[in-house]
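After this come two complexes, each holding chain A, first together with chain B and then together with chain C.
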Partner chain A sequence: MSASASFRRKLWPYAVAVVAVAVSVFPIFWILTIALKTRVDAFAMPPVWFFSPVWENFGKAWSATGFSGAFFNSLIVCALGNILALAAGIPAAYYLNKRHVPGRRTILIWLLISYMLPEFLFIVPMYVLFQSIGLYDTVIGLALIYQVFTLPFTIWLLRAFFADIPEALAEAARLEGAGTWRIVWTIYVPIAAPGIAATVILNSIKMWNELTIALALTFDKAQTVTLAVAGFRGYASIDWGAMSAASIIIILPMALFAILAQRRIVQGLSLGAVK
Partner chain B sequence: MHRDKHIRWLIAPALLLLAAGTLYPVIYAGYLSLLQWNWGSEAKFVGFRNFVRILSGTGFPKALFNTFYFAVFAVVIETLLGLGLALAINRIRIGAGLIRTLMILPLMVSGIAVSLIWKVMLDPTLGIVNYLLSLVGIVGPAWLGTVPTAMPSIIMIDTWWQTAFTFIILSSALKSLPTEPFEAARLEGATPFQTFRHVTLPMLKPVLITVIIFRTIDTLKVFDIIFGTTGGGPLRATESVQTLAYQTAFKSYKFGESAAIAVVFSLIILTLCIIYLMIDTDDGEKA
Partner chain C sequence: MSAVSLQGIDISYGSVDVVRNLDLDIKSGEFVVFVGPSGCGKSTTLRLIAGLEEGRSGRVSIGDKVVNDVDPAKRDVAMVFQNYALFPHMSVADNISFGMRLRGEPKEKIRANVADVARMVGLSDHLHKRPGALSGGQRQRVALARAIVRKPAVFLFDEPLSNLDAEFRAAMRSELSRLHRELGSTMIYVTHDQVEAMTMGDRIAVLAPLAQTGHSNLMQFGTPEEVYHRPANLFVAKFIGSPPMNLFDGRADEGGIRFGEIRLPMEGQVPAAITVGVRPEHVLLNTGEGPFMTGTVEGTENLGHEKLWFFATEIGRIVARTPDTGNFRLGEAVNLRFPAERLHLFDAATGGRREART
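Then we have the complex of A and B:
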């Protein structure tokens, strides 16, 4: 093989990567530039590539009716949803990690099936139930219904992380008189902390971005940030700036996750699928 | 039976939440599907009339066709593209972390923001896509606005959004493959294509099937990017089963009919998953 052929061999993966990265990032970059443009520049054709950024679109998006409230609702739903998922999911993952416990197979299949169900199968029944017990249009109701997907995912992922923890550690603690609760919280939880972090990140992304259920089960008090952004759809023909700024506001926290915790996200996603 | 009797309390909270969140609604949806019930009015038991109506009407079969049209193309394109990217980018040593971080960005974006981004980019007169096409002399269509181009546009949008998922999982799987079979193939003088066909692909198959199952389920449930871009139009060309179920329940307030749609659709997804898993285990026994 000639030197240049070998050089080309090493280089083509980079060519592929450059194209893939450009295609992945460009739409987000483009919407960011529109968010930073004046109205005239945003609609200019051909597009304006060099301009001095303005911030007024972000102010307009943030102060749109209900937007900031929806942003904080989403934060609360994410926090509550994660607490619920971990509180129920950590003990459940420990239980299902044991081989000979009653109902293990049935529960595992049940978890898979609940991932499979289309949202509208449970949205309509939940709408009727929530209306009658006062959970409709509340953040608590939303955090509860989100357990339909966060809990199976949490259990599934943590079980994979727990499986790597040697049984001998728990045995040793048991001989010293530690009960099951203590073993879970003082041995499994600390060792699986990276796994728990990955779970929380992935659950947060899923809940923060969720639209379908929030659309059906909230009205205004508990509106989430996705619905606030959806409210800008009608602006498509009149005000690209505010709409783009709203999109950037919803993207930003999750993009920070990706930048700070790329390894955890990759690990969580692949473990969830491969094991 | 496990020796620690208290251990069963560990699963209790999860079971309670799952029963309330999935078991109860599934049973209740089954019951609702037998009712003629417009939210706010009196419910009437009608047996299987809702099922007869949705299956003999035009709306549901059309939505079902659209959903499968979308899912088949999206899953095939995203899987092949993700596999190709994983094979190429796994050869990269320097900068791999940065490349991965940038490539998973679309996956972090909410479906509603994805919709708005692409509405702006695909705008027929002011969008950047048609502008770039005009530079090479092509007059771009009204992507999301005409019947023949609307669904392909949604498929393209989903490809941009979700290919990182197949890429990440296949890339991790490739990294965890044992090296010996590749050594053996190299010593026997196998070409790169032969190595891929007879070494990489068979070892990758279980993960590949898992990825395909995940993407199939997710794409069949498509809602956000249709709701956010076309709302099911033009002329119902992008109406999916879930957008139809939404319209039926929350625009027409026909709860019974919407439940019937969801029940039939759930059974279809369940059947598909069982078929996939059977293919998976069949081959496992042969090997």
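Then we have the complex of A and C:
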């Protein structure tokens, strides 16, 4: 093999990676530039590549009606949704790993099916139900309805993490007098912590970005960030600058979360891959 | 310290019987080894004693109490698992003290007990470490310490040395024996390694898979000497001893038995088909008197302190073990003699031991 052929061969993967990154990052880059440009520059044709950034769009976005409120709503929904998913998902995952649970397979398959169903299927019946029991337009209601996808996902993922924990650990703890709750909280949860962290991150991203259900089941009090961004579309005009700034603001927490937790996610998702 | 008694134990997984009709009386303070090939139910039986497995029928007693319905934690047993079952997210000290902390014992007492036990098993310098930072042998010690600190009536060991390398295993064997002498507790030890069984056990329970025996798992329960020198049946004869006992077919012949050119008188009813066994170290090569058969040297293995010789004979292959002094050439014809008092006779049909009178 000639030197240049070997070089080309090595170059290939990099070229693919560069293209992939460029394609996936371009929308964010574009939004960012719009958020940082003046209204005039934002839609100049050809695009203005060099400009001095302006920050006023961010201020405008944050102080726009309902945006900061929606931001905190989303945080609360995420936190609550994760708490609910873990509170039910951890014990469920533990039990569904046991051999002798009757109907185990059926339960697991149903969970998977409900995870795969499109979300809007739930919306109409839930709209009626939520209206009648007072959960419509509440963050608690949203966190609850989000369990439709977070809980199955949590159970399936945690079950895989728990399955990597040798059963002898539970037995050893049992011989020492630990009951099931104690075994789950003092043995399984700490050992599967990277896996739980990965689950929380993936659930958070899903809930943070959710639009369909939030659109149907909230009005103004429990509005989430995705709706708030859509709200920048006025009757007559769209404030593209503020909308882009708002988009950047809502991308930030998840991006930060992902960067900080990247090692955990990788560690979690590869847990047990190497003994 | 407590006796352990199993009566009429049956255990099955679903529709598959694993243990059937097992009776076993283990004396207080005894070191008993359950040995057998995989699938013989040895671990299952141990787990039944611990309470981690439920039997279909039968009675388990520890001390003078029937424990069938007693929670594992209240049976006063401690178990050492094959894969150590250490809690990877806790320090060595926390692993050892897990049970004491759970029971809410005073901090001072926990610290003192942990320090004592750590000293006993040589872990004093490692108490703050996580199991992941320890060698296999050290992890095994942590598992051991966690068992010892409970001061249980009965210790249960489930193949605890099988993950260690040979060098460590020998050291841990003698350490466990020392521990048994010091603590005087009843210990039940499961292994498939007959060397462990022979070297450690006060008594050995040889178990066989039901698929091989059909009726019951327990093939013999006796001291290492009994099991080795007076195997109760063909299964034990084949399983205990390395290299295994030479076994060959014999037949009834005028009030005795005959195999090859050798005839042996036998009293009582002689079964039509009999299996004759002799341990490799009891085969005499070109020495002794009386009837012999000729074997041709097929091969040899030099183990340093001894040699194994493989002979082709008219009744099949025979292995002999000699001190490293003997020397034969490949293909050389050697006179093989089998001292009558060293022969083991088994009914070929039932596999049961027969006593020969000569």
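As a working rule, the second predicted complex is superposed on the first by the 256 of 275 C-alpha atoms of A that agree within 3 Å, B and C clash if a C-alpha of one lies under 4 Å from a C-alpha of the other, contacts with A are read in each partner's own complex, and residues count from 1 in each chain.
What we mean here is this: a contact is a pair of C-beta atoms (placed from the backbone, for glycine too) under 8 Å apart; a residue touches a chain by one contact, two chains touch by 3 or more.
Here the structure is a predicted model, which means the values were calculated and not measured.
Steric overlap between chain B and chain C is absent once the structures are superposed on chain A; the two fit side by side. Of the two partner chains, chain C is the only one touched by A:173; chain B is not. When the two complexes are overlaid on their common chain A, residue A:182 makes contact with chain C while staying clear of chain B. Which of chain B and chain C touches more residues of chain A is settled by the count: it is B. Residue contacts after overlaying the shared chain place A:265 against chain B, while chain C stays out of touching range. Judged by the touch definition given at the top, the superposed model places A:190 against chain C, while chain B stays out of reach. In the superposition on chain A, A:207 makes contact with neither chain B nor chain C. By the touch criterion stated above, A:157 is placed in contact with neither chain B nor chain C. Of the two partner chains placed around the shared chain by superposition, chain B is the only one that A:113 touches, whereas chain C remains out of contact. Between chain B and chain C, the smallest C-alpha to C-alpha distance in the superposed model amounts to 8 Å.
On chain A, the patch touched by chain B and the patch touched by chain C do not overlap at any residue.
Residues of chain B touching chain A in their complex: 1-2, 4, 6-11, 13-18, 20-22, 24-26, 28-29, 32, 84-85, 88-89, 91-92, 95, 97, 99-113, 115-121, 123, 125-126, 128, 131, 160, 164-165, 168-169, 172-173, 176, 207, 210-211, 214, 217, 220-221, 223-224, 227-228, 241-242, 245-246, 249-250, 255, 258-259, 261-263, 265-266, 269-270, 273.
Here chain A touches chain C in the complex through residues 166, 168-169, 171-178, 182, 187, 190-191, 193, going by the rule given at the top. Those residues of chain A that touch chain B in the complex are listed here as 10, 12-14, 16-17, 20-21, 23-25, 27-28, 30-31, 34, 43, 45-47, 84, 87-89, 91-92, 94-96, 98, 100-103, 107, 110-111, 113-129, 144-145, 147-148, 151-152, 155, 179-180, 184, 205, 208-209, 211-212, 215-216, 226, 229-230, 232-233, 236, 240, 243-244, 246-247, 250-251, 254-255, 257-259, 262-263, 265-267, 269-270, 273-274. Note for the complex: chain C touches chain A at residues 50-52, 72-74, 77-79, 81-83, 85-89, 98-99, 102-103, 146, 150.
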